[in-house]
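Reviewing the structure listed below.
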Amino acid sequence: MSSPHPSTDMLKQIREFTRTELIGKHEELDALSEAPLPLYDTFTKAGLANWWLPPELGGRGLGLEESVDIVSELSYGDAGVAFTTFVSILGTTMVSLYGSPELRERLLAPMAREGGFCATLGSEAAAGSELAKITTTATREGAGLVISGKKFFSSNSGFADFLVVIARSGDDPDEHVAVVVPRDSPGVTIERRWNMIGLRSSGTYQVSLDGCHVPMGNVLSGSGLRLLEIALNASRILIATTAIGVARCIRDLCMEYGKRKSLHGGKLVSNQVFGSKLADMEVGITVMRDVCRAAARDFDTLMKHPDAAGEFLREGTLKSAITAKMFCGRTGWDIASTGSEMFGGLGYTNELLVGKLVRDMRYVSIVEGGDDVLRDLLYKRFVIPVGKRG
Amino acid sequence: MSSPHPSTDMLKQIREFTRTELIGKHEELDALSEAPLPLYDTFTKAGLANWWLPPELGGRGLGLEESVDIVSELSYGDAGVAFTTFVSILGTTMVSLYGSPELRERLLAPMAREGGFCATLGSEAAAGSELAKITTTATREGAGLVISGKKFFSSNSGFADFLVVIARSGDDPDEHVAVVVPRDSPGVTIERRWNMIGLRSSGTYQVSLDGCHVPMGNVLSGSGLRLLEIALNASRILIATTAIGVARCIRDLCMEYGKRKSLHGGKLVSNQVFGSKLADMEVGITVMRDVCRAAARDFDTLMKHPDAAGEFLREGTLKSAITAKMFCGRTGWDIASTGSEMFGGLGYTNELLVGKLVRDMRYVSIVEGGDDVLRDLLYKRFVIPVGKRG
Amino acid sequence: MSSPHPSTDMLKQIREFTRTELIGKHEELDALSEAPLPLYDTFTKAGLANWWLPPELGGRGLGLEESVDIVSELSYGDAGVAFTTFVSILGTTMVSLYGSPELRERLLAPMAREGGFCATLGSEAAAGSELAKITTTATREGAGLVISGKKFFSSNSGFADFLVVIARSGDDPDEHVAVVVPRDSPGVTIERRWNMIGLRSSGTYQVSLDGCHVPMGNVLSGSGLRLLEIALNASRILIATTAIGVARCIRDLCMEYGKRKSLHGGKLVSNQVFGSKLADMEVGITVMRDVCRAAARDFDTLMKHPDAAGEFLREGTLKSAITAKMFCGRTGWDIASTGSEMFGGLGYTNELLVGKLVRDMRYVSIVEGGDDVLRDLLYKRFVIPVGKRG
Amino acid sequence: MSSPHPSTDMLKQIREFTRTELIGKHEELDALSEAPLPLYDTFTKAGLANWWLPPELGGRGLGLEESVDIVSELSYGDAGVAFTTFVSILGTTMVSLYGSPELRERLLAPMAREGGFCATLGSEAAAGSELAKITTTATREGAGLVISGKKFFSSNSGFADFLVVIARSGDDPDEHVAVVVPRDSPGVTIERRWNMIGLRSSGTYQVSLDGCHVPMGNVLSGSGLRLLEIALNASRILIATTAIGVARCIRDLCMEYGKRKSLHGGKLVSNQVFGSKLADMEVGITVMRDVCRAAARDFDTLMKHPDAAGEFLREGTLKSAITAKMFCGRTGWDIASTGSEMFGGLGYTNELLVGKLVRDMRYVSIVEGGDDVLRDLLYKRFVIPVGKRG
């Protein structure tokens, strides 16, 4: 990138992609069509894929703070597309920080140059909010590991190039590892694609691993649960960020409707109660962006540290990251709830877009840790210890 | 009915119907299948149809207060079915109070004895929250009237026996009439069925009326807009009531899930935060029922008045009726919002019922007057006049 | 009372009392002046005191449902006065249901005929939300009991005629008794009057009991904790009811201000956002009244049962009573919060009444069981048991 | 300042001041004692006064972003003290940007070196939310202006060194000026000090100006209303910031109480519902700080612009500034409301600090523009124009 403002360039390209590929195509995007949709090829061909990967691997090297506006823009078009394009960051962050140089080069360089996806396999049917209950095992066998288990919700795994699997160590059941499994490994089976309420242009899968052999070099260094926790900072911040884009879209739909809709001899847009609600939406949008950017700066600061891997191991979950996800989940839902009542009876039909937006918005508070789980974590880590309070 | 407790009998039958015909059949009920579904025949054959019609016409004669638990029970099973079975009350109330004895006998007695539906055609594309903008006209021609216009949202009209049409008077454009049009009249065309976000076992239609001839005897006495306003009291109270049933269903699903779901070595049901949320749901359910019953008693009291027609003309909209709809719409939505976050990632898939319940619940705040419209009405009618305040 | 409508008469008298004694006297009522204020004499002389006491003891015998409007009216004038006049019901209910005929006659007949107060001494410094931790003891000595302990919050005890003390049994530390102690008994010391944030025309005291001798006939029959729980139904419903009166006063002050206040060339009262907020207040007021009346009817129904004492022992806490208190506490606080922002900068001075009303309103959610305590109780008693759900 | 980290030094000093002068002295601070309290001398002597004034005038030159933590810390001790120390920024910003070099030197240099206060006189009895209704006039007379009028709410004016008065121009009634009037000018009368509900260690006054003569050099350049609007950005951001400090204090009081308070055999601090509420407070605190800092950065960026005066004239009200005030007002109030229910009955007495904190918190949503006024402004300026949306 020779441009002096790589993020401005990127944002311009993202806006163009959103305008041409997403806006106005909601019916198809909402249809649970075959995943991944062809538009991801377009995204990759435009050189946009995996924009956060570092320049030394051939990536654009954009930070998380710059990603806030990128993801807001994409999710203005479609939250499922936004999610699909960024959620690989969960796996790439683990590999980038805790994989060997060989592994980084082997896995991440192609993603930076040619696009592609990775998936993280954490949760299991009985290990959702309590990941320590994971029963998938990684057992030593010869010079490598054998991975077996069943994973419940895993985004992108149906078409990812590789999977980062969190598994219980066969040597020590109190230990967990994070280990890379190529998706085409024998033993990897995509059991089903989940029929999701929203984000229907994305794909989330149930996956079974039946005796998958991988070399020891595929193991990331450090506790698998801690590594996952660290990488969740990035994806949670960007999940929070999708709420901004969806909320902006709801706001703009309301304003367009308000300009058309007659009321008491004027237009709805001149009604004070309408204005008051739109102002509240704008406040929410402004605050959500502030919060996501503040969290992203925290993440970027650690990422730029000479010993980023060590710093992240010490920090684990960032308060700002889970704050962003909780706050944007609620604020986004409030905006979606208000928006869904703005269009009269039409707003209760599938003629208008708002119904899809409400369904898309809902995921922010649910995916990668519900509010109750995160609140509990935040209380224990950042309120009980006096020195961690704000 | 010889039973000393007709409402207890009825409620028992309704529970049986809900258990056998609705619970566990949500996939079909949510599928926007052909309307009306065969189960409405079952409902009619069980003698349950149009339970509020008066004994002198062959009906069960249950009051609105008794209808609260009936509708709560039905909507526990499926809100769309509940809505379909009660929304005829909008038309039957107008006919019952303001139709000639001949009209009442001709239209309502069959509905009481053999079931069947009626539909009310009020809103138009440009006359939703402002019904005074109605452009459908009723013009004198010979000994009768000719009705022409396009109606936007009309529930049940695709299969109703007759339609109560609100139209502008051809004689005086400041006047409106409510006039009965048999659905099989020449000129009545069902233009489309709306693809609704929820309540998908019900049918709401766009209807055009093209030169429909009706005799003068089909005209109800009084201003059409006022008559509609009066009858909306009944349907709004029952719309509010559906929120109770849906909320009860959400609560019970949460409790079932809470008993199964392991958490921190115990069950979710023992978690204090979970208990606190369920307690809040129960408070909401209790209060919604109190509010609906209070409004229903107000309605029943007027209905039992010797000059019910005159009393209702004087009262118009009841404060308690719009209070019930506004309150239950919001409280129901809060419960649905909380409920939708209770099931972890599974709650964001269509495997569980909660997604449908959220979509069903949404209608309470939207149909038959959004909150902004009702708040405005309530302020002008019941807050500005000192004597009308509570 | 020979009038056919005793409650209408009563309400008329209460309105007169409120108008002449309370409205416009807020400065004095808010001043933490000597308690009880002389106006309670006026109240008694008008024959209004303890209006719920039964006719056979010389009382007016008004039910709790009728008391809802009475207390709403009084608290429209001043919540502290309302509280002072009704909170004796906590003790009189226990004596009325579980005292010997002699005790009822001795204690309640004078209160019915001549007015006066009783106080209940339940909570202790370390036994607030957990009354089972009470350390005050009632030990047999000779033909009577000796009561010793320290009670934390007790309303009216500084001027009550008798105290109903909840104490741990000296015979069996797992048992508690409710026992009547005349306030002038040797050993009764009023330690301090609490400086309350609101309700400042009422008096709440810390009391010590140091070897107070009472005859066995002063003991009420049944478990002291259960008896207290039963009587709390009455006081909690009336505490909830005070929120209605305070909210009505806030609403009226807002409307008066809105009529005076100029805005954009008109009056604030014509502003749509203002109207929308006032409509929401009216909805809240309407719903609060419905909820309090529903709970009061539940209480009255049990009270009229031939075996009221036994029925209440079986029921204990009524779901409707704690629902009313929780709901009105929150709704009242929402209204107070909105109201406090309605008057611009003036609303932040002590020139206007709204600051006092906010402070008064706050008590509803705090006194006689905070929301967390009641939610926990409601969950365990009325949500976990399937048959108790609404 | 030779220190490489002036803001760290400052913050350390502020913490020390808060610890020694404010914490534990709430009774006096809440007493509406003589203003200004002697502690402001201590503040000045420590070199802390007016910390934002630029180095070229002898000030510390700290930016608004750095002021966020300073004001949060002060208001952790006492919001009234925080408000008193920063609200001069309203006047100093106007003088700094739009006063002549002579005026800046004459007025601001002493404030930077020796402390002191200035006050802004904007609102009038009939010109609160609509400042364009100001009737105070500034009329040319000889070589100067004569100012006459009555000003309603003016903080610090009872003890300020000079007043910045917003007045209608005598030449053109459509124009307004901002003009400096020394407080000791003949004709300036402090009519009364307002008895405020909270912030009682601060002083807000009603002031009359009766023919006050000032030279033309005292007039600031530009429209008085626009200048006021510009300067309000700074004070509104810092008003928002006080909510952070008060909220942090509430949180810490809750945690201290939670550690002491026994519940169900453990401590309240281990209760999940308690933890959940505290986590929500922490989320609120974190987000408020993010929002205030983002707004402060916006302000600082403009302030550092070579043509700051011109840039501010173009921008006027910053969206981020009113967003911060609205958001922190509401979030702070939610935290205060929750906090006020945390301490059981004791929390309803004046024994505990929480009652004062609730009263202090309330001002954030009221002072310098209520939410309805700001929402209206935000809608018109930043939502209707498409390009201004977030």
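For reference, chains read A, B, C and D in written order, and residue numbers begin at 1 within each chain.
Here is the rule we use: a contact is a pair of C-beta atoms (placed from the backbone, for glycine too) under 8 Å apart; a residue touches a chain by one contact, two chains touch by 3 or more.
Just so it is clear, the structure is predicted and the values come from calculations on it, not from any experiment.
Note on connectivity: the fewest chain-to-chain touch steps from chain A to chain D number 1. At the far end from chain D, in terms of centres built from Cα atoms, lies B.
In this assembly, the C-alpha centroid of chain C lies 41 Å from the C-alpha centroid of chain D. For the pair chain B and chain D, the distance between mean C-alpha positions equals 52 Å.
Residue positions of chain C touching 2 or more other chains: 272-273, 276, 372, 375. Put simply, chain D touches chain C in their complex at residues 123, 126, 128-130, 133, 152-153, 194-198, 262-264, 273-274, 333, 337, 340-341, 344-345, 347-351, 355, 358-359, 362-363, 365-367, 370-372, 375. In the complex of the two chains, the chain B residues touching chain D come out as 271-273, 276. Only residues 248, 251-252, 255, 269, 272, 275-276, 278-283, 285-287, 289-291, 293-294, 319-320, 323, 326-327, 372, 374-376, 378-380, 382-384, 386, 389-390 of chain A touch chain D when the two sit together in their complex.
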